[in-house]
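By letter and in written order, the chains are A, B, C and D; residue numbering begins at 1 in each of them.
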Amino acid sequence: MNKLCPDLVAAVADIPDGATVMIGGFGGSGAPVELLHALIDRFRATGHPARLTIVNNNAGNGGIGIAAMIRAGMVAKVICSFPRSSNAEAFNEKYLAGEIELELVPQGTLAERIRAAGAGIPAFYTPTSYGTELAEGKPAEEFDGRMYVRERWLKADFALIKGQQGDTVGNLTYRMAARNFNPLMAMAADRTIAQVSRLGEPGCIDPQQVITPGIFVDTIVEVPEPQQEEVLVRMGVVY
Amino acid sequence: MSGFNIMEDKLSNAQIAWRAAQDIGDGSYVNLGIGFPEMIARFQPEGRNVTYHTENGVLGFGKAPAEGDEDWDLINAGKKAITLKPGASFFHHADSFAMVRGGHLDLAVLGAYQVAQNGDLANWRVGSKSVPAVGGAMDLVHGAKRVAVVTDHVTRDGAPKLVESCTFPLTGLGCVTRVYSSLAVVDIVDGKFVLREKLPQIPMDALQAVTGARLHSEGQVGDLIVPADI
Amino acid sequence: MNKLCPDLVAAVADIPDGATVMIGGFGGSGAPVELLHALIDRFRATGHPARLTIVNNNAGNGGIGIAAMIRAGMVAKVICSFPRSSNAEAFNEKYLAGEIELELVPQGTLAERIRAAGAGIPAFYTPTSYGTELAEGKPAEEFDGRMYVRERWLKADFALIKGQQGDTVGNLTYRMAARNFNPLMAMAADRTIAQVSRLGEPGCIDPQQVITPGIFVDTIVEVPEPQQEEVLVRMGVVY
Amino acid sequence: MSGFNIMEDKLSNAQIAWRAAQDIGDGSYVNLGIGFPEMIARFQPEGRNVTYHTENGVLGFGKAPAEGDEDWDLINAGKKAITLKPGASFFHHADSFAMVRGGHLDLAVLGAYQVAQNGDLANWRVGSKSVPAVGGAMDLVHGAKRVAVVTDHVTRDGAPKLVESCTFPLTGLGCVTRVYSSLAVVDIVDGKFVLREKLPQIPMDALQAVTGARLHSEGQVGDLIVPADI
């Protein structure tokens, strides 16, 4: 019941080759940089986990985080809405060389597919992408005189997320717009691993202010002064 | 019949609840249905940490408050006053049923009018005369990883509640995995009732006689032994 | 932009005959008792609004709130999951006399249909009710080897909800389990009318602690010491 | 052609943004697309209270902070640093797109590669060579009550951006209701471009010549007049 994990190495030790891994964050806000770097360390030391499918809004930026995972060669596929960014060379090079697969999903559909997975909804209808190439091959149907596309849930084996305040039973809060995809991914993965800036005992978060209830979190590791992806990218850091 | 009287010698509801509580593992997230199933929380074995979920948006609640200390904004799905344990959280109804439907609960325990050998459950409506009410039961039976039933083995009239197929309106198809009855513990495996435990005093043929479908056994049938002081 | 309404009478003045009205609350927690009683006052004085369709988890309890609306004769139909309650005579009598229509919806499906309406999702699939009489007439489909029922969104003309702290741009928090259906209904109605126990200026709620963002709220009225439905029922109050 | 040079005499992006800003009513909830559309917020007329939404989960944000004051956990969908106004709120991505898809925004303003006379919009991808990226555009065009486009009237090569039908990959079908271009304000009504305003200097035939589909008019065509000092 105590979900506390002593260190980053142990937190990511169970992710196998070929896993689908959701990674929280939008741009540089809410990205679990330390968890990702621990995963890269493991890959460099052992060659595992390889051939990962990554789910994130973006496809990495600069030389750290997801971009560093891609460059390290551990990512086979990216499911995202917006692979473009200010420094997206890591993804771009692999993509244009045909070395990485891309599943492009409209941002709201991506969010809703992840939420649907967490909520036990295998499929839903959305007006988004109807009539566009991103709807090709998907069932379409009319409701109340308007056309909609049917989308499937999107599940993952693991979610790596970043919270602000956490407790040992897995309750989480998020800092400002760093919330983004994190609470949704926590619901949609078989195992959710959260890094938090502050860890406390149960009761340290007002029950009315919990954003992610602990039932959605399996492993929690404290990273007291987390790095901010945007800051690292601007400093030109390469991991 | 070795003098066993199923109306007198059967387990009480409290004893059934005690037995069900023994199977709830440390660290489980559990939803207990309104009424009889709620009683299970009282018998949670010491040293096990169990987190209770209620459909109206509370995770991690504890016992009922003392009379007079109720806060009616802090209730469970049965509209009874509850208290919070440290680490509790509140959320809205859609998030609450995301927990249910999304398979995040380890166990849901419900009452039953009838359970069929294929796992079908009927527990929401007996006839068509009264006002129907379904609540969260239909969601719970398709959401939790395990769905258990606590029930008397027979109705007040002595009719079997474990049946070949349900005659009352269904709550869910093929959803129940284990039944804790007043006489036995029965699993549902591949469309069959598999007897795991029975009261030691009741002969096998007497148990079969009050069960509406064939009871199978796989290896040893255990003794269903419950502390007498419950 | 200032959504503040000076009094309860004005807050409910626009609800017309035949409207579908969502009413927050579960059991006695989170029920906007004062808004409902203002609506009853209006009906008694003017005969309007009549023939309402009410959406709530329950169908009223005792002699106040929804039960009093039913008894007053202003409700034609109730959409709910659990019309039974400790003192449900108001609904029961009308229902058994065939004077009120009931649409019974499983509780999780009710919540999800309301959320879907707010989120622009016209239909979704759920395992709930598959193979039962509540799924009759609804399309069913198999996903990943399991059967699901297709459910439609549930919209309303008005939502009457109860918050704890509010501000003049409509942001809301809720008190403990009084949250329940309130945030969902706020999203799903054309016009959402909220009563709050405390009203403040924008900024009085930490942006990270807002549960219902103001975009979902149209009218807000302060009711400083709201009545609690459960307490009124236990006192035997009849409105 | 009365000496009108569409490359020199056209409105600047800032002037187009100013014109678009005039139509945003008091009390509106608005999403401004990344890049050029974001500029509209600068020209919000005094006395109007407009609440801005950004896809990554912020409602009620204000201007960019001074350089050096950025907090990179407080950004907009374009990943630019923002500040909060009193009454702001944070929410997760599913709730954010519930606001979008659920029809809660009064207006979304986007850029365009092409807009067709039936309201089709192409704004996410030009060819198949580069890395495709869609973001929230496909959600926004089907969610907001009104979808407006701000754009140059023609491409850098002088090709019309208002066209009979889009040749680039579509973002959404029949979704645009108004176009603010560098030469005109054009509504889309029943599958037709209806000219509402044009720069007074540009002759009607010159405007039609740089428009890829017939410009209709209903009554008076207004003068598109923008302060010169913008």
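In the analysis below, a residue touches a chain if its C-beta (ideal position, glycine included) is under 8 Å from a C-beta of that chain, and two chains touch if they have at least 3 such contacts.
These numbers were taken from a predicted model, which means no experiment stands behind them.
Asks: Among the other chains, which touch chain C and chain D together?
Replies: Chains touching both chain C and chain D: A.
Asks: More C-beta contacts across A-B or across B-C?
Replies: B-C
Asks: For chain A and chain C, what's the span in angstrom between their mean Cα positions?
Replies: The computed centroid separation for chain A versus chain C comes out at 35 Å.
Asks: How far is the middle of chain A from the middle of chain D, if each middle is the mean of its Cα atoms, in Å?
Replies: Distance between chain centres, rounded to whole Å: 30 Å.
Asks: Where does chain D touch two or more other chains at once, residue-wise?
Replies: 90-91, 94, 97, 100-101, 142-143, in rising order.
Asks: Chain A: which residues touch two or more other chains?
Replies: In chain A, 112, 115, 119-121, 126-127, 174-176, 179, 207-208 touch at least two other chains.
Asks: Which chains touch, pair by pair?
Replies: After working through each pair, the chains in contact turn out to be A-B, A-C, A-D, B-C, C-D.
Asks: Please name which positions on chain A make contact with chain B in the complex.
Replies: Listed in rising order, the residues are 1, 115, 117-121, 167-169, 171, 187, 201-203, 205, 207-208, 210, 213-216.
Asks: Under the stated contact criterion, what part of chain A meets chain C in this complex?
Replies: Interface residues on the chain A side: 112, 116, 119-127, 141, 143-144, 146, 148, 152, 173-176, 179, 207-209.
Asks: In the complex formed with chain D, which residues of chain A make contact?
Replies: Those in contact with chain D are residues 26-30, 57, 81-86, 88, 91-92, 95-96, 102, 104-112, 114-115, 126-134, 174-184, 211, 228-231.
Asks: Can you list the chain B residues touching chain A in their complex?
Replies: Going by the criterion above, the answer is residues 26-27, 29, 49, 51, 53, 59-60, 84-91, 94-95, 97-105, 142-143.
Asks: For a test of understanding, state which residues of chain D touch chain A in their complex under the given definition.
Replies: Against chain A, chain D makes touches at 55-58, 71-75, 79, 90-94, 96-97, 100-101, 131-139, 142-143, 169-173.
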